[in-house]
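Several structures are given next for inspection.
Consider the two complexes below, in which subunit A is the common component and subunit B and subunit C are the respective partners.
Now for the complex of A and B:
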């Protein structure tokens, strides 16, 4: 009965499909609700063709993954929790791609990072899962902060947080004083999310998640959020060549780096992880070329990649589920038991490699078309693309074909037939790869024609399987031949994986981990120094710090005036009270018994109440009086059972404490005197005094402030007090009973 | 503590002090007083009683655990805060006032209920903390 969770993505998919016709005709659907209008934050959703493409991908692949999971994790005790996280993620992702407000987009962006964290650490009993989840969260969280900075900065520069309205101030994105920061923050956000070099290393770690998660989040959708944002802001940055050049470089490095890494992996998911990074690199690289043709190629490649990569991941998941291993060196000959799965795997592998007549072939065609007409050095761009694609062919074949061909090793033992869902779901995706490949006009009408012409003045290229004999066909041929050659000649092994592991000490991951270790050590050190668990240490640190602050302030800017006339005007009763205060303080400090010290404190509190009464603050006096009574009772209760008063601190400590205490008291007194000399800001006081009766119908201003003007503060305060009481109760009462020990 | 005088006087003082605390609560809007200090006075009254007669006697008078007063108070305060949203559709914590004067109480408004909520929370907190500590030492 777990399949019913899949109804959610399926119904969403159908819902979003109903917009397809309108969007294809160039309509844009807006959904607007005010949220915090005074800050410019609104629930402003906008469904245009780019957003629709992504929502369909998210809900479509989501449906398949949800269904697949119902069998893949069948009987798992935490299956429902899994579905909850997955649904949260899906909702956040839909919100992300439809948000037209950069700040709500940021919120959804963070939500995807957080749901991804929970999904990666789903097997939370494994240390490796937890560690990977934390690395992923740290990296994508860093990007999230950068996105917030980008959003706020862009909002300040353009005067709006609405992404579509930002288009009206192109100068902010092209040649403003702060455009460099905009680029920095945007790239930091998108490159971390979309696993670009040097932030890519969180993605292979994220493969610790259950396979449906890797399929959905870490290849088909979430990692494309960065790409989505880059595409979304391409029109804004159209006039800024730096925007495209940086992407070209970073995308190029990423795709080459990741493609070469696929050679050295033996885990199926490891290979897929690096080929995903490679594909993301290709997409960024394509956007970086910055022509209409290249952006069309990027968009088609997003669809192509989502289809074949999701399919390959699901195939891997089923192999893992049935054979119990993902080690490519051990897997072979599975076609004998998993025939339908092998068909799905092989089609996906062909699409991944770009063999005709799959949609992958179209994708590769478009890539070469884009690189050949690139603005800078077409030859270099094309060479890079060809090399990367050769490795992609290799990676696809390795995952989709290798486990099924050859002789079934006996070491694998008997393999059960999978539930039909486990092969049917990857089959649907593979079939779509084939279908779109056979009918390229479908891709054209569904996606490319209707993506907003992102760059003005150019047409998107025509899609077809057969363009005639030309350079592009030749390049495709070269890619396929070399890819096949690599597949037959290069055998992945553990030795090779270990060899590459040796140089990984210099990889970005190792550097980041060292930094994290250093950070942790520093924070341990600071915590141990400042928060060592002894209350007296905390008090002393606070007092010393405040003394320094007050001291510097008074030293720099002495403004203390004590007028003799005011001192002379003290009444005899005030003098008596002050003397009582002084005596009780001295008594408290020098007494040898705890109870008398407490009594001394109590007397001090009561004399302060008298001062409040003399100076016309009866409310304060009443409260202080009650509080003091209760404090004394509390102290007595706590100290009643403690051993006799002991002189625990030695003489030096006592002298140090005395110095700290007196200097703090002195500086505090100076500061108060200074405040008394200043003319206090009357605005608020006067407002409260004048309006207490007219607005709040109360004559006691203090109380009106408490329950009306600042009532919300009181609300929070009583909540905090309630929590404190629960804390005391919990600490003292909820100990283990004897039989529970 | 076994003191006959304290025993006797505390039994008489308890109702008087509680009454006084309610008086302080009600006058708060016009004269010194209010929910916070009223709650403290009521708490002191019960604690005095507990000192003189033992905790169990006081608990018998209270009938419920003082901890339950905390959610009751929070509920009253929250309701009085959201009442304007429900009744008149005005923002959170807008003061609502009944036009006519009521004998003894004077004007009645949502602020009074808010203050009463504070009163209950304060009584609940003080008694919970002090009862818990005195039971465990």
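Now for the complex of A and C:
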């Protein structure tokens, strides 16, 4: 039944295919709905030829991957969850490439990162999977933030969040004060997503995901999101040479670095991961050349790469599924049991290497044509491209041919025939590689002809398999010869892999991990310092901070008015009350007896009553009196059930606490005096004073406020008291019986 | 008097905070009670002190006029007193029960609830 899920990508593929004719004739389909118009965020979708190319790739390869998964993960207990994540990803990816609003594009971008996280950690019982997933999420999440910054900044500079409308303010992208930041954020976003050096390291780790995920997300589609964005913004940045030069450098470094790394890997998926990074590097490099020919080459190469790399990944998945290993040093001779699969693998490898008549050959032709006509130093660019391509030939042959040739080692044991889906799906992709290679006009009409001229005023080159004898053909030949030579001479081994692993302490991955470690340790330290689980530490931090705020305020505006006349005007009864208060406080704080402390607290409460009586608050005095009495009675009732009244903390702590407490009290007193000098706002008081009788027919205004104006509050207060009473009763009366303990 | 009461509020706060920072639970509760008194006094002061004129409308009038004590802080304090009684009584009974079960009133040694049998 699980093939049922595949209907989703297939029907979407058919749906988007219906637009193909219109788009090829230069039409652009729009879909617009307001979402948050006040912020300029709208569901604004736009299907032009670049978007169509990507949607067809996403849904087409999606269909194949969905079908493949139904057999590859057959009977897996979490298969449905897998399909859900895969569908979320597919939806997000389609949204990403069709969004015409940079902010909704950002949302879809983040959704792809999140679904990628869940798919990498799909085998969540393995520690390595979880770790890889976190690294991938951290790196791509960082890029996501940069994309948001880019979107907001670009929106502020151009006054619109619509990508197509941004084209109307070219100066923002060419020579504005903030153009440098735009470039920084855009490159941070795209280079992390598309695994460019030095952010590439999350991609090999992402290979911990099940193979269909590697095929779909981490090779054919998601990692191309960065490329898509770069292509999408190429028209905007057309007049900005930095845009192209940075891509040229980063793409060049990435493709060489990754290509050389393929020599040292023994895991089939590891090799494919690095050759994917290399391919992404080539595409960025091609966009960086910045001619119409190079961008055509980049677009053709996206299709070429998606076809052969997806095919190779699926071949690898089937090998892993049937033989139980992906170690290249152990695999050989599988053609005897997996013949149809070996045909798919070999065709894909040939396309990967650029052998005629596959579509890979066309792709390579275009790459050389682009580098040879590059604006700066064609010789250097071409040399770089040739070297990288030699390694790509090697990597493709290693994955697609090596496991099938030679003698079948006995260590592999008996290998069962795979379900037909497991070889048929890679075969479809391989066949397409061959078909497009044999009929280059299909590629031309489908993909490149009408890609809106991303650069103005230039025509895209004509695609053909045979251009006659020329320099490009010679370069292709050299690449193939050297690639084949490398394949036959260089044998990957675990020793070589271990040797290169020693240098990896200096690789970007190790540096990033150390940074992450440091971050984790610092936050652990901070948490432990500020939140150590002891109540008084929390209280102390809050108080010290408040004291500092009060203190700074008072030292900046010393506006304290002390008048002696006031002291002289004191009555004797006021003086007595104040003295009683002071004494009771001192007793409560410093006594060594519980009873004295409680008595002191009681006296303190009664002096409060007196103050309330003096200053016109008889209701308060009555309440305070009864409540205070009740509290003391309650305390005394449980007094002898209470622990001894001892000093538990040492002297240093007591002095420290005393300093904190007195300085807070002092600053608070100063602040109160300062506030009392301000004129209070009495609007609310006035309202109650005027309306207490006319509206509520009560003469005691405090009473009226409590039971009438704020009657609902009082009711809730009573409920609180009732809850407290129930709690008290429970604590006093309820005990577990012996057998319930 | 206002200034002296302001200083007294500061003293109440200081005493309350000092007791809250103790390790003994009984002192913690006494600290909360004293701090509560300090808060009440603070609110009372903020309304302005008016001697001997409670906010009661005279028999022959229909509204408060002239100088009178502010009823709004009084209403607030009244609520605060009653609520703090609820808190205090619950806390007192709670420490009694906690002491009975855990045999300690030292906050630092109370976090080992797993040891209760």
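Here is the rule we use: the second predicted complex is superposed on the first by the 557 of 741 C-alpha atoms of A that agree within 3 Å, B and C clash if a C-alpha of one lies under 4 Å from a C-alpha of the other, contacts with A are read in each partner's own complex, and residues count from 1 in each chain.
Definition applied: contacts are C-beta pairs under 8 Å (C-beta built on N, C-alpha and C of every residue); 3 or more make two chains touch, one makes a residue touch a chain.
What you are looking at is a predicted structure, and each value in this text was computed from that prediction instead of being measured.
**Student:** Looking only at subunit A, is it subunit B or subunit C that touches more of its residues?
**Tutor:** Per-residue touch count on subunit A favours C.
**Student:** I'd like to know which partner A:171 touches here: subunit B for first, subunit C for second, both or neither.
**Tutor:** neither
**Student:** Could you say whether A:498 touches subunit B, subunit C, both of them, or neither, answering first, second, both or neither?
**Tutor:** It touches nothing on subunit B or subunit C.
**Student:** After superposition on the shared chain, which partner residues are touched by A:623: those of subunit B (first), subunit C (second), both, or neither?
**Tutor:** Both partners, subunit B and subunit C.
**Student:** Considering only the touch criterion stated at the top, classify A:594 as touching first (subunit B), second (subunit C), both, or neither.
**Tutor:** Only subunit C; A:594 stays clear of subunit B.
**Student:** Answer with first, second, both or neither: which of subunit B and subunit C does A:701 touch in the superposed model?
**Tutor:** In the superposition, A:701 contacts subunit C only.
**Student:** Would you check which partner chain A:27 touches, where first means subunit B only, second means subunit C only, and both and neither mean what they say?
**Tutor:** neither
**Student:** Kindly classify A:728 by the partners it touches after superposition: subunit B alone (first), subunit C alone (second), both, or neither?
**Tutor:** both
**Student:** Tell me the contact category for A:719 with respect to subunit B and subunit C: first, second, both or neither.
**Tutor:** Only subunit B; A:719 stays clear of subunit C.
**Student:** For A:633, using the defined touch cut-off, is the partner it touches subunit B, subunit C, both, or neither? Pick first, second, both or neither.
**Tutor:** So A:633 only meets subunit B here.
**Student:** Residue by residue on subunit A, keep only those touching subunit B in one complex and subunit C in the other, then list them.
**Tutor:** Common to the two interfaces on subunit A: residues 618-619, 623, 627, 630, 634, 638, 641, 699-700, 702, 706, 714, 721, 724-725, 728, 732.
**Student:** Where on subunit A does subunit B make contact in their complex?
**Tutor:** 618-619, 622-623, 626-627, 629-630, 633-634, 637-638, 640-641, 695-700, 702-704, 706-708, 711-712, 714-715, 718-719, 721-722, 724-726, 728-729, 732-733
**Student:** Please output the residues of subunit B touching subunit A within their complex, sorted ascending.
**Tutor:** The touching residues are 24, 28-37, 40-41, 43-44, 47, 67, 70-71, 73-74, 77-78, 81, 92-93, 95, 97, 107, 109, 111, 114-115, 117-118, 121-122, 124-126, 128-130, 132-137.
**Student:** Using the touch rule from the top, collect the residues of subunit C that touch subunit A in their complex.
**Tutor:** 1-15, 17-27, 30, 33-34, 37, 40-42, 44-59, 61-65, 68-72, 74-75, 77-79, 81-90, 92-97, 99-100, 104-108, 111, 117
**Student:** Considering only the defined contacts, which subunit A positions touch subunit C in the complex?
**Tutor:** Contact set of subunit A toward subunit C: 533-536, 539-540, 543, 562-563, 566-567, 569-570, 574, 578, 581-582, 585, 588-589, 594, 597-598, 601, 604-605, 608, 611-612, 614-620, 623-624, 627, 630-631, 634-635, 638, 641-643, 645-649, 657-658, 660-662, 664-666, 668-670, 672-673, 675-676, 680, 682, 684-685, 688-694, 699-702, 705-706, 710, 713-714, 717, 720-721, 723-725, 727-728, 731-732, 741.
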